[in-house]
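A, B, C and D are the chain letters, set down in written order, and residue numbers restart from 1 in every chain.
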Amino acid sequence: MPHESLEAENLHLWRGEQHVLNGVGFALPRGTCLHVAGANGSGKTTLLRTVCGLLYAESGRVLWDGQDVQADLAAFHSRLIYIGHEPPLKPDLSALENLSYWVGVRRRVGRALLGAALERVGAIACADRPVRTLSAGQKRRVALAALSLLAAPLWLLDEPTTNLDSEGQGLVGTLIEEQLARGGLVLAATHQELPVARERLRRLELAA
Amino acid sequence: MSSHAATIAAAGHIAPGTAGAADAGRLVLLRDLKLAFRRPGQLIQPLAFFAIVTTLFPLAVSPELSRLRAVAPGVLWVAALLASLLALESLFRDDAYDGTLEQYALSGQPLTWLVFAKTATHWLLTGLPLALLAPLAALSLGAPPQSLGAIVICVGVGTVALSLIGSVGAALTLGIRRSGVLLALLTLPLSLPVLIFGARATELAMRGESFVAPLELLGALAVLGVTLAPLAAAAGVRISLE
Amino acid sequence: MSQFLDMGGYALYVWPAYAITFAVVALNVFWARRLLERARAAARRRLGVGGGEGA
Amino acid sequence: MNWRWFHRLGSPPYVYALARRLTPWFGWLSGLSMLAGLYGALLVAPADYQQGEGFRIIYVHAPTAWMSLMVYTTMAAAAAVGLIWRMKVAHAVAASCAPVGASFTFAALATGSLYGAPMWGTWWQWDPRLTSELILLFLYLGYMGLRGSIDDPQRADRASAVLAVVGVVNVPIIHYSVTWWNSLHQAPTVMRFGKPAMPGSMLAPLLIMLLAFTLFFAALLLVRLRAEILNRERTASWIPEVLKS
C-alpha cells in the first residue's frame, strides 16, 4: 500500500426535492480515520454510499490516489470494503458459512483463517449456529470478522458500534487502530464517539 | 470449538490470495443453491404451480385426450412461463434486502458475471425441474410417449431463455413494493418469442415430426439472452442500489 | 356530399377510424399542454416566482 | 471530465429555450400538412380497385402504426444516450415519448381493426402486424408502469431506460417470431397493407400524412420536454427567468 489517500471534492447530491449532500468535501491521508458525524437524516449514509460509488454525485468527485474513482470503479472497489448498518448475513446460513461466501467472493480464504477471524472478534461460539439465532451484537461481530479478513486499504463503516457492548465497541476501536497503523484509511459514520486516538482522527460534521 | 482452535493453530498466517471472477461466480451459485435447499418448501412451489395449472385444463376444456392433445403444447408452455415467472420475484429480492447485492456490486468482481451466476441458479432450481416435470404433464395431456424426450429438451432450452429474460425484469423491479404484477407486465411480452418457438417445437415433437428448426430458434434466443440479459440485469441491480 | 359521407358503403369503418385517430391527436395536444402548464405552476410554487398566468 | 458539467448545467436551459422557439414551427407545419394530407386522402386519392373506399383507412392507419414504432425507437435511442452519458435531457426526452407512443399504438390497433373488419368479416384477426402492434402496446404499458412505480426520479429514469433498450432489441425478434408463427397457422395472405405499387395520387397523400404525423410528434415532444425539464431542474437559476413570460 504505497501512498493511498482519499479525497472528496464539493459533492452535491439530491434525493427528490432534498439536497442531501451540499458541497461536502474532505481529504484523508493514509493512516487516518474520518469520523462522519451528524444527526439522523444528515446524509451520513448517503455520503458513504457516494464515496464508494453506489450513488452518483450530481457534481463533485471522489479521488483515490489522486485519480477520479469513476474512471475505474472496479479497481477502486477492490481496494475498499463497505459495511452498511445491517451486516449482509443470511439468516439460514451459519456464521461461518456466511463469512466464507461473503469473503470468498473477493479472496480465497481457508476455513482455518475464517475460524481465526471469528475467534478474534469473540464470535467463535456462534460459528456453526444459523445467523437467525444470533443477537444483533453477535451479527455485528461476524461483520467485524469479515472486515479483518478482507484486508482492504479503505474501510467505509456505517454505524460500526451500534448494538455492541462496551467490550465490542473497544474491539471496533482496536481494529480501526490496527488498520490505521498499517497505513489504511477508515471512514466511519456514527453519531456516537469513536474509540480511536485523537491524533489519527478527523471529524466531519454534516448539517441536517 | 476445540476443532476450530486446532485448525487455527495449524493455519498460521497464510496471506489470502485474490479470488478470480470464476471463483466468485461459482461461490455465488453454490451459496444460492445451499440457501435454496435450506428451505426446500419454496423450491417445490413453482413446480406444484406448474402441475396445478396443467391439471386445470382437462377440467376446464374436456377430459378427451384427443382434444387436449391439440392444446397441450400451448398449455405446457404457458404453465412453464408462469411457473418460471413465479420464482423470479425472489431472485434478487432477499439479496437486495439484506445488503448482499451491495457487497456484490462493491466486490470489484464483474457484477454482470455474479448476476449471471444468480440467474443460472434460478434455472437450475426452476427451469431444469420444470423440464423434468414437463413430460409427466405432457403425458396427462395426451402426448405420445416417444415425444417425451424431445419435450424435456425443448422446455430445458426454452427455460434458459425465460430465466435470462426474467432476470432483467426482476432486477428492474427491485425495490418496488408489490412488484409481482409489474414484473409479469414487463417479462411476459418479452417472453413471447420463447413461447412461440417452444410451443411449435413441442407440437412438432408430439406429431413425431422434426422439431430441429424451432429448437434452433429457441437455442438462438437462449444464446442471445446469455450474452445480453446479464448486462441489462446488472445495470438494473446497480440502479436499484442508487 | 352524402355520397362522400357514405364512403361507398364503408362509412361505418372509415369515419370511426378517422375519428379515433384525430381524437388521439387532439388528446395528445391537450395532455401535452396540460403537462406543461402544471409543470410551470409547480415550478412557480417551488421557486416562489410570481409572473404571468398561463403558458 | 468537462463534458459532464457541460451536459448537466449547460444543456437544460439551452434545450428549454430551443424547444420553446421551435414548437410553433413544428406545430403549424404539422397542422398544415395534416390538412393537406386529409384533403388528398379523402378527396384526391381514387378508390382502390379491390378495397373500394374502405382503402382510405390506410391514410390514418399507416401513420399511427408508423408513429408507434418511430416513437419507441426514439425513446430507446434517447434512453441509451441518457444511460451512457448520464444526460438528464435525454432521459427527459425518453420520458416524454412513452404516453405519446402508447396512445398512437392504441390508435393503430383501433384503425387496423376497423380496416380489417370489412375484409375479414371479423373485428379481430391474429394478423402478424396487429399482433406485433398489440405486443408493442404492452411494452409501452410496461415502460410506463415501471416509470410510475419508482419514486426517485433519477432511478425511475435509469431503470426505465434499461427497459426501453431491452425492449427495442426485442421488438424485431418479437415481430419475426409473430410473423413466423402466423405463417404456420394461417393461409398466407388475407390482405396486405399497401403493398403493391400505388399510383402517385394514392401515394402522395400517404407520404404527406407520414410527414405530418412525424412533425406532430416533434411538436408534442418539444412541449412535453419543457415540462419534464422544469420538473427535473430543482435549483436551476434560469427557471424563474423563463417562468416570467
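One rule holds for everything that comes next: contacts are C-beta pairs under 8 Å (C-beta built on N, C-alpha and C of every residue); 3 or more make two chains touch, one makes a residue touch a chain.
For clarity, every value in this text was computed on a predicted model and none was experimentally measured.
J.: Report which of A-D and C-D is connected by more C-beta pairs in contact.
T.: C-D
J.: Can you tell me which chain is nearest the middle of the complex, judged by mean CA position?
T.: Centre-most chain by C-alpha means: B.
J.: With chain centres defined as mean CA positions, report which chain is farthest from subunit C.
T.: A
J.: Calculate how many whole Å lie between the centre of subunit A and the centre of subunit D, each centre taken as the average of the chain's C-alpha atoms.
T.: Computed value for the inter-centroid distance: 48 Å.
J.: Could you work out how far the Cα centre of subunit C sits from that of subunit D, in whole Å?
T.: Computed from C-alpha means, the inter-chain centre distance equals 16 Å.
J.: Where the CA atoms of subunit A average out and where those of subunit B average out, how many Å apart are those spots?
T.: 34
J.: Where the CA atoms of subunit B average out and where those of subunit D average out, how many Å apart are those spots?
T.: Those two chain centres are 34 Å apart.
J.: Can you pull out the residues of subunit A that are in contact with at least two other chains?
T.: Residues 17, 56 of subunit A touch two or more partner chains.
J.: Taking each residue of subunit C in turn, which ones touch at least two of the other chains?
T.: Each of 46 in subunit C touches at least two other chains.
J.: Where in subunit B do residues touch two or more other chains at once?
T.: In subunit B, the residues touching two or more other chains are 242.
J.: Tell me, which pairs of chains are in touch?
T.: Listed by label, chains in contact pair as A-B, A-D, B-D, C-D.
J.: Note which residues of subunit D are touching subunit B in the complex, please.
T.: 83, 135, 138-139, 141-142, 145-146, 149-150, 152, 154-155, 158-159, 162-163, 165-167, 169-170, 173-174, 176-178, 180-181, 184
J.: How about subunit D: which of its residues touch subunit C in the complex?
T.: Residues in contact with subunit C: 34, 42, 47, 52-54, 56-57, 60-61, 63-64, 99-100, 103-104, 106-107, 110-111, 114-115, 117-118, 216, 220, 223-224, 226-228, 230-231, 234, 239-240, 243-245.
J.: Within their complex, state which residues of subunit A touch subunit B.
T.: Per the stated touch rule, the residues are 52-56, 74-75, 77-82, 84, 86-90, 92-93, 97, 101-102, 104-113, 115-116, 118-119, 124-125, 127, 149, 151.
J.: So in the complex, the part of subunit B that touches subunit D is made up of which residues?
T.: 168, 172-173, 175-176, 179, 182, 185-186, 188-190, 192-193, 196-197, 200, 217, 221, 224, 228, 232, 235-236, 239-240, 242
J.: What residues on subunit D touch subunit A, complex-wise?
T.: Of all residues in subunit D, those touching subunit A are 1, 4-5, 8, 86, 151-153, 234-235.
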